[in-house]
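Presented sequentially are two complexes of chain A, the first with chain B as partner and the second with chain C.
Our next item is the complex of A and B:
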């Protein structure tokens, strides 16, 4: 199972500027599968990304817009992309500033479709 | 929040705030309570400490029997509530943290912030005092002093 998830992450890690990608259990905030550069602390990223995804989902659902699909947090040093996936999972992508946001979004949504 | 050791209060307070834990108990590996947050009564906290230390001790024995390295973290995950138990070394000996958390947080967050709590406790531990041995004759007085500190009674 974990190997299947790693295969799903592979195209994301090939994006220009990608620092890592992971699949996280949304409820627990624990890592299911990850491809990360050495200096990235996966467990912390997983826990915080899951917490963020859950809170944002609650906000969006409360506003009557349904469940969110995709989030992007852009900072000076790069971006964190989060996509909600089936089976209570989330897909997280960490990139540098050089990554094209559109390409990242497309790859992530395709990965989510493959997870379904 | 109540603590027997005053230097524990600040890191524990930060942990409780960040993790949204419902209940938190720090104890020595023998079940002596160091600090607690969220418990209403002395009986609850003493029972939880004894049970937490007992679970950790029996799990260490199981690991030894299987020739595994000792467990550091154990989790009991329920539908609406989880129990997180973590054993860690301090200059005062092995301590155990017992955290009860609900659906407003996650195991990942509890683990993340508990690791930070451990780091902060290690940094805050006063090194000058050697660990005290609790003698049988002093046990009741020690226990009463701890309960006064923990519950203000």
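Our next item is the complex of A and C:
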């Protein structure tokens, strides 16, 4: 696992309520790098996030509103944040409900910039 | 105040777990010592991540520093911890006012005033926003007409579909003006099912919304009822924190409309 990628994930895991952060292949949902709490199933999170990101990409394409950059799936018990990264990768963050979306977005987009 | 700041700084140094950081951070903010205020607030928030007043303090500092999006998120977090927190209601009301969302501003400021009825400045702000809003129509609105009014569809940017993706209400066009409601409806239904599956398998409970930031717009998918999905297109400058709130407002309107249609 790339040490550089783990360094990128580190600030995300420090966010209040963060349960795990991953870098995932957008095409097939394979895990490239991960930083997860013990009870988080990394492969499931990666596959679900990639699948959702692909569906969202089709919605965005059909709507004619450019390309997706960032998304948040909000649920009662927390959120899954996904940021699109270079090289057909996605950055995934799993959090509890207490995480501030703005802070998560900022950290993720900064991490994506560093990946470029 | 300088003496207070000195005393509180000493107190906090002697006992880093002291809640005096709230008064110290606020005092520093009022003196526009933003860097020091930020340091105190962040340290306090790190120690007490579930303390509503810590989030409120951090939000006020962010707001003063012009970082309105993060300020909104912090006040939003405060309200999740304490829905009647006057400071957060006031703060969000102020942000809505700045964004020109006077109705939402009034709603939050009035709620804040209910919590702090002696706040004269707040009472004046409420009056000011009330004045800005259009007076109610003189002619009484026929209840039936109001009940059957469709959900707002500004600029053909809102689409309500059923669980199978069939458009029920609203109209969606792409930037070239081409109708895309039916094409996108099926995709939305599939995306919503995927969102539900992801939230379920990750033990996140029921999914509530999907916020999407694109290069040319911000999009939102919410679930007004278990059998319907609402898709809304917003300008790209609407912060993602506000996007969900706006979509929830539209979803409430859609829910009322669906109930009236039954």
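For this structure, a couple of remarks:
Assume the second predicted complex is superposed on the first by the 115 of 116 C-alpha atoms of A that agree within 3 Å, B and C clash if a C-alpha of one lies under 4 Å from a C-alpha of the other, contacts with A are read in each partner's own complex, and residues count from 1 in each chain.
As a working rule, contacts are C-beta pairs under 8 Å (C-beta built on N, C-alpha and C of every residue); 3 or more make two chains touch, one makes a residue touch a chain.
As the structure is a computational prediction, the values presented were derived from the model and not from experiment.
Taken together in the superposed arrangement on chain A, chain B and chain C fit without clashing. Legend: residue contacts after superposition of the two complexes on their common chain; A:37 is shown touching neither chain B nor chain C.
Measuring from the middle, so to speak, at the Cα centre of chain A, the directions to chain B and chain C differ by 130 degrees in steps of 10.
Of the two partner chains, chain C is the only one touched by A:101; chain B is not. When the shared chain is aligned, chain B and chain C each come close enough to touch A:48. In the superposition on chain A, A:77 makes contact with chain C only, not with chain B.
Of the two partner chains, chain B is the only one touched by A:29; chain C is not.
In the superposition on chain A, A:56 makes contact with chain C only, while chain B stays out of contact range.
When the two structures are aligned on the shared chain, A:65 is found in touch with chain C, with no touch to chain B.
Partner contacting the larger number of chain A residues, of chain B and chain C: C. Once you line the two complexes up on chain A, you'll see the smallest CA to CA distance from chain B to chain C is 10 Å.
When the two complexes are laid over each other on chain A, chain A has residues 44, 48, 51 in contact with both chain B and chain C. Partner chain A is touched in their complex by these residues of chain B: 77, 105-109, 111-112.
Chain A makes touch with chain B in their complex at residues 24-25, 27-30, 43-44, 46-48, 50-51, 54. By the touch criterion given at the top, residues 16-17, 41, 44-45, 48-49, 51-52, 55-56, 58-60, 62-80, 94, 97-98, 100-103, 105-106 of chain A touch chain C in their complex. Listed in rising order, the residues of chain C touching chain A in the complex are 45, 49-50, 69-70, 72-74, 76-77, 80, 172, 174-176, 178, 180, 183-184, 187-188, 190-191, 194-195, 197-199, 201-217, 219, 221, 233, 239-241, 244.
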